[in-house]
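Each structure below is given as structure tokens.
Below are two complexes that have chain A in common, paired first with chain B and then with chain C.
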Partner chain A sequence: MKQIRTKKPHTSLLGAKASRRLGNAIIYLLLTVITVVWLFPFFGIVLESFRVESGAQVGYLWPKQFGADNYIRLLRETDFLRWFINTGIMGVATAILQTVFVLSMSYTLSRLRFKGRRGLMNFMLILGMFPGFLTLILIYKVFVDLGLTANMAPLGLIIVYCASSGMGYYVAKGFFDTIPKSLDEAARVDGATRLQVFYKVIMPLSKPIVIYTVLMGFMAPWGDFMLANYLIHENSRGMSVAVGMFEWLSRANMNEKYTLFCAAGVIVSIPVVSVFLLLQRYYVEGVTGGAVKG
Partner chain B sequence: MKRLNDLEYLRLDKGRAFLYNVVMFFCAIPGFFGGAILKLLRLCKKGVTAIGKEIADIVRTFVRGNWAVRLSFVIFGFGNFYYGQPLRGALFLLFELVFCAYMLVPGGARHWLGLAFKETSLLARSGFEWLVKSNFLQTGQTVGDVPPREEIVQGLLGSTTVTVYGDDSVKVLLYALLSIFFIIAFIYTWRLQIRQCRICMDITAKGKKVRSGKQDLASLVDDQFHKTMLALPLVGILTFTVLPIIYMVLIAFTSYDAAHDGYANLFSWVGLHNFNQLFNFGQGGLGLAFGEILAWTLMWSFFATFTNYFLGMFVAIMINKKGIKIKKFWRTVLVMTIAIPQFVSLLYVSRLFDDSGVLGKLLINGVNTLVDWNVLPDSMTLAANFSLWDGEWTAKILLIVLNIWIGIPYIMLMATGILMNIPTDLYESSRIDGANTFQQYARITLPYMLFVTGPYLLTSFVGNLNNFNVIYLLTGGGPNNGIAGGVSVGHTDLLITWLYRMTIESPKAEYYTASIIGIMVFLVVAILSLIVYNVIPSTKNEEDFK
Partner chain C sequence: MATVKLTNVKKIYGKDTVAVQDFNLDIADKEFIVFVGPSGCGKSTTLRMIAGLEDISEGTVEIDGVVVNDLQPRDRDIAMVFQNYALYPHLTVFENMAFSLRLRHAPQEVVYQKVTEAAEILDITEYLTRKPRALSGGQRQRVAIGRAMVRDSKVFLMDEPLSNLDAKLRNQMRAEIILLRQKIDTTFIYVTHDQTEAMTLGDRIVIMKDGFIQQVGTPTEVFDMPLNLFVAEFIGAPKMNTFATELAHEDGKYYVKPYGAKIEVTGKKAAMLADKQVASGEIILGVRPEHFKLTNANDPAAIACKITVNEMMGSELHLHAQTENGDKLIVRIPTVSLDDEVRHSMVYSQTIYVTFEGKVMHFFDKETEQNLLV
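Here is the complex of A and B:
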């Protein structure tokens, strides 16, 4: 880096302390504005979910009449509970299966050396450049034959979420790369097989990445609209929350079901946000670690 | 322009140095492609030699081998049995049997396995028959050869016509592709077991013992542990990504759409016709729509990536500044956006800006009030149903702004991690030299961040290129901009959303166009990645910074 040109020493009208205080005040102000902007939609959705007087968009935020009517309608008149359970099941199944797939892939690529390793990584990199949902055109056709759409769509979706998840090995591999190789070697010298090295030496050290992978797997079905919408058509019982709720905001439904959407959005967000905030530390480690290592 | 040496380069002033770099970059492009072609040629040569070696080895094995080895050229695994590896031998033999049953027995397998499966179309024909039936890649031929026909059925109330379906092109092509996979696997396995025979031969000739089945099994958790670990993920990737992607690439050469769904109407091979459509800029061609969407996709990706990047970093620096309290609170507020499922937050936000949404109304009322007060000219009066989403450019700008709302938290988290890694002595020494905060940012923080996050910028650029959620959930591609590819083209459509709507919303469902657009997305991403990886310093030498 080039040297920074020397200028005359820092002087200003205010003293150093006062100027720092002013700077901090500006930063606090900005951060407060950011907080308001970022939280505004969340307050909005909660407020609108308690609005009784109208189910449509009304152009104001504060309800004239508060009540839990929307939540009651949600349970009585819609299949929302079923969608919620579907998505929950998908979340748990995906969390478990995806973790198995991702960890075995990333561990192998990171710590084992074998012929074709580099080639395999390049192959998956290139494969990842294709738009993934294109595969669904064929998968949908096959799943229709196998009966994995409509009512059974959640099962089909679990398969879709998990089967190729090995391709998302990057973050976990980055983590395994940081564990010193000498640990493996020491265990190997002591006569451990590679399997034993894996589950007796490395796994106990890998709690953060396991939690990160589980968290990502659990969140995937809650946030996914693209793939779910492809496999779940019109059949109300097999829907996930994303697909079902999307329908409510279509032009045809919006005048009645807008506040229902808000209420459902609040309910969906509660489990996801609480799990997420609980495990936030691990998520942050994953994001920063993965990004820096590329 | 001639290449300058280091000393001359350092003497240039800033503007010229930059110009020089740009010119050099473009000068390097032909060389880069030339190099790539050379590399490719070398790879081809390597491949040919490798194949030659393999064939030589096979022939040598046959010549040198005893009767058991020679027999295993026909019966898989016979050599393994002979040399005392019954486990491997049995596996090879089993593979050959399955292969023959699938490929050769016409309809026979149906009788054996028909009891177990209701749907027996896979077993109704042999693999070779499927392959022949599909007229694989023969332009002008249909995929499958039995079209549906009308049959008259005599019922109690007179005769009715019933459609009897013949082949389903989708399945014919799928099974044909499976057959090709199977044949490749067969050749590979054949070669594999011949090599094993040769290895066994060599080992026995030296008077040593070959590995037993027990040792083989034990090695699966030891030397060969990678095979155990990779088996499951690779099978998943192969069946749910590789196979469907190859299938979809093949679809680009067919006429598969709603009118030719392969069932009521067989689809056929059309050669390069669809690709010609893509570059047809006239009436009915896709050229114009594709060009427009590609341009916006690249523009969107550029703005979305860099606005997020710099603003996110700015927020991270603010939060991490010494003396700012409740850091954790500020961070958690932002992280909330990541935690809440995007379809909830994005759909809600998009409706906030509708004509009857809270912010949309606020905008209309605000502007109209200003007009009333004569602050703004009368021509700016907004109609009651005005929505930012309806104008081309207002929608585009709003998208980029809202994407900042979505994207900043991710960058903020990442930047926080990196900022903590910047050596503090850099800042201290620069302060002694009299640098102010802005100079520190421009000369230390930014270069460091750019260096470390080079690869991330690329990933994020590609991520934005395919940012389905933000576009589809906020605008659904709209406002409308004509029709192409059997589906309306929106002003804010990215390639990926256009592609998606083409397959799911459009009644014409032009799968072949979707397939071509998919291939194009792949090409764009691949070319970008190739260029960026050759330009970014941190991918080449990791110790370069400072």
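Here is the complex of A and C:
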């Protein structure tokens, strides 16, 4: 009988198993290198924040003398604590408001059919392609008149962060679209209002996306520099960490306050990381399993 | 427990896609109504309009004498079972079934009692603490039915509840729905595309096509006296054989002359033809596969045809055959009446002679496809 071969036999010098191992070894090596490159700045900042001997940027990484001096200076000599609290309040407020806006917007666009829905979605998509700072001058003018700058800047910033947040509906809408519509219908027949459907059926199934939205909202104020820098005037009570810390990197302060900057950076990462750790246990995939015939 | 009345119900999608029209139906209290038809006939749309999940474009839907057109689903006091079960995946089976009661703030004892009672009837007590994903398809469908049962609602709607199950489970669940119906004595509206389900479950069947009702009647009525060719072919499996032929009125007797045979119309059908004073002419003749029988070449009523496929179903043979001019026939022959010798001769391209009796024919107008006897 004639044999039909669809595939060439393995002809490399190594056996199939050995060559697979070699392939894996190369991949892991590459991944390790990438990881090191990626983590290096973080370690660098942590190490420098504990450096005692010099406040300036130095040519070596490992501190000659370890100590918490920078952290103590941070609390005693600077307004960092107030900036931190300001930014924290902004983070919490933005997280809550933005989550409400984004999720209700996304759910509406996913489930309800109304005139102009497509047009609205496209309009928001296109609008979102323009960089946010195009509106900077206008926002500044309006907020000066409203008195939402300087000391009141945190409130102004919360408004800016949340106001147009509903336009970032894509991710959450995409998620809601994957939840079968018949679940909504079953719940409505069972006696639920649209709002009850939303928080009794859809929300429990959307934990990953809720957490994603909360994290995005919470993190925004910590990283925003440009907009905050315009609304917060120098040395005002409404200072945020990003704007405040930037001052330490100016030419005049660099030699003294660089390690201070590193210490502040480490502290700033704490709330963001802890919020994530706190919420990540809800970050389970596959919660919709078993809802419908699959 | 309620009556449901649909008057001139119409559904238009977008500007001019008509899904349902001229839908008029009175459903009696505690009646089991089945909407049946091919996909896209508007049966599910009609059900969803009754449920309140689709807007009603025109006409009215009344439940218990109250027009519900503008009521939300939750205010209509209906229960519904969905084709894809639609269980809440984050809740246990117990909580899935209790969901509607909890929304109504029913006391804990009532919730417990109703859910356990329904679970017992459906034989799912042991799964009450599980999540839906840990259940098989059949169990999930039971939960979905249970969730609708605890409602004690006026109308029980079912949208193709069995079509996601495999054939064996489907037969089993069908029997259980018949039993269930005796236990929860309420008004049922059941949607299916499967004529067997329609025939076995319904008190009355509503056969739909292209958004129009084709016929409403008991299973016996629609089977024995289909109003038109569509109903005739849709109800009954395998489907009715239909062929264009001549109806002759000679000496006060009616004859049909399919494929050179001459068969006299007898019994009630002959009387009805005479009564309606149907004239000779070209008609469409319908004969159900089970009404054929084998005969021999000498029979003047014999139709000669060649076997193309022989499906051995166990208790009967389904013979697919072709007449001399290429028309296709399906003939059902009970195996119990066949000699082994004959049975083994039923092979591809073998010529057989079949005929049928004069009292089992259906006559349809060639143009309108309406039943000539109605």
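As a convention for this text, the second predicted complex is superposed on the first by the 259 of 294 C-alpha atoms of A that agree within 3 Å, B and C clash if a C-alpha of one lies under 4 Å from a C-alpha of the other, contacts with A are read in each partner's own complex, and residues count from 1 in each chain.
Everything below uses one rule, namely that contacts are C-beta pairs under 8 Å (C-beta built on N, C-alpha and C of every residue); 3 or more make two chains touch, one makes a residue touch a chain.
Since the structure is predicted, the reported quantities are computational estimates derived from the model, not experimental observations.
Asker: Now for A:Trp38: first (chain B), second (chain C), both, or neither, which partner does it touch?
Answerer: first
Asker: Please work out whether A:Leu148 is in contact with chain B alone, chain C alone, both, or neither, and reply first, second, both or neither.
Answerer: neither
Asker: Touch test for A:Pro204: chain B only (first), chain C only (second), both, or neither?
Answerer: After superposing on A, A:Pro204 lies in contact with chain C but is clear of chain B.
Asker: Does chain A have more residues touched by chain B or by chain C?
Answerer: Here the partner covering more residues of chain A is B.
Asker: Tell me which partner A:Met239 touches in the superposition: chain B (first), chain C (second), both or neither.
Answerer: A:Met239: touches no partner chain.
Asker: State whether A:Pro180 touches chain B only (first), chain C only (second), both chains, or neither.
Answerer: second
Asker: Mind working out whether A:Gly191 is in touch with chain B, chain C, both or neither, as first, second, both or neither?
Answerer: In the superposed model, A:Gly191 contacts chain C only, not chain B.
Asker: According to the stated criteria, A:Ile139 is in contact with first (chain B), second (chain C), both, or neither; which is it?
Answerer: First partner only, chain B.
Asker: By the touch definition above, which chain A residues appear in both interfaces, chain B in one complex and chain C in the other?
Answerer: After superposing on chain A, chain A residues 193, 196, 287-289, 291-292 contact both chain B and chain C.
Asker: Within their complex, state which residues of chain B touch chain A.
Answerer: Contacts found on chain B: 119, 170-171, 174, 221-223, 225-226, 228-230, 232-234, 236-237, 239-245, 247-248, 251, 315, 318-319, 321, 323-324, 330, 332-345, 347-349, 351-352, 354, 356-358, 360-361, 405, 410, 413-414, 416-418, 421, 430, 433-437, 439, 443-444, 447, 452-456, 459, 462, 466, 468-469, 472-473, 496, 499-500, 503-504, 511, 514-515, 518, 521-522, 525-526, 529, 538-539, 546.
Asker: Once bound in the complex, which stretches of chain A touch chain B?
Answerer: 1-4, 6-10, 20, 23-24, 27-28, 30-31, 34-35, 37-39, 41-42, 44-45, 56-61, 100-102, 104-105, 107-108, 112, 114, 124, 126-127, 129-139, 141-142, 145, 159-160, 162-167, 193-196, 198, 219, 222-223, 225-226, 229-230, 241-242, 245-246, 249, 254, 258, 261-262, 265, 268-269, 272-273, 276-277, 280, 283-284, 287-289, 291-292, 294
Asker: In the complex formed with chain C, which residues of chain A make contact?
Answerer: 180, 182-183, 185-193, 196, 200-201, 204-205, 287-293
Asker: Quick one: which bits of chain C touch chain A in the complex? Just the residue numbers, please.
Answerer: Going by the criterion above, the answer is residues 51-53, 72-74, 78-80, 82-90, 99-100, 103-104, 131-135, 137, 140, 147, 151, 164.
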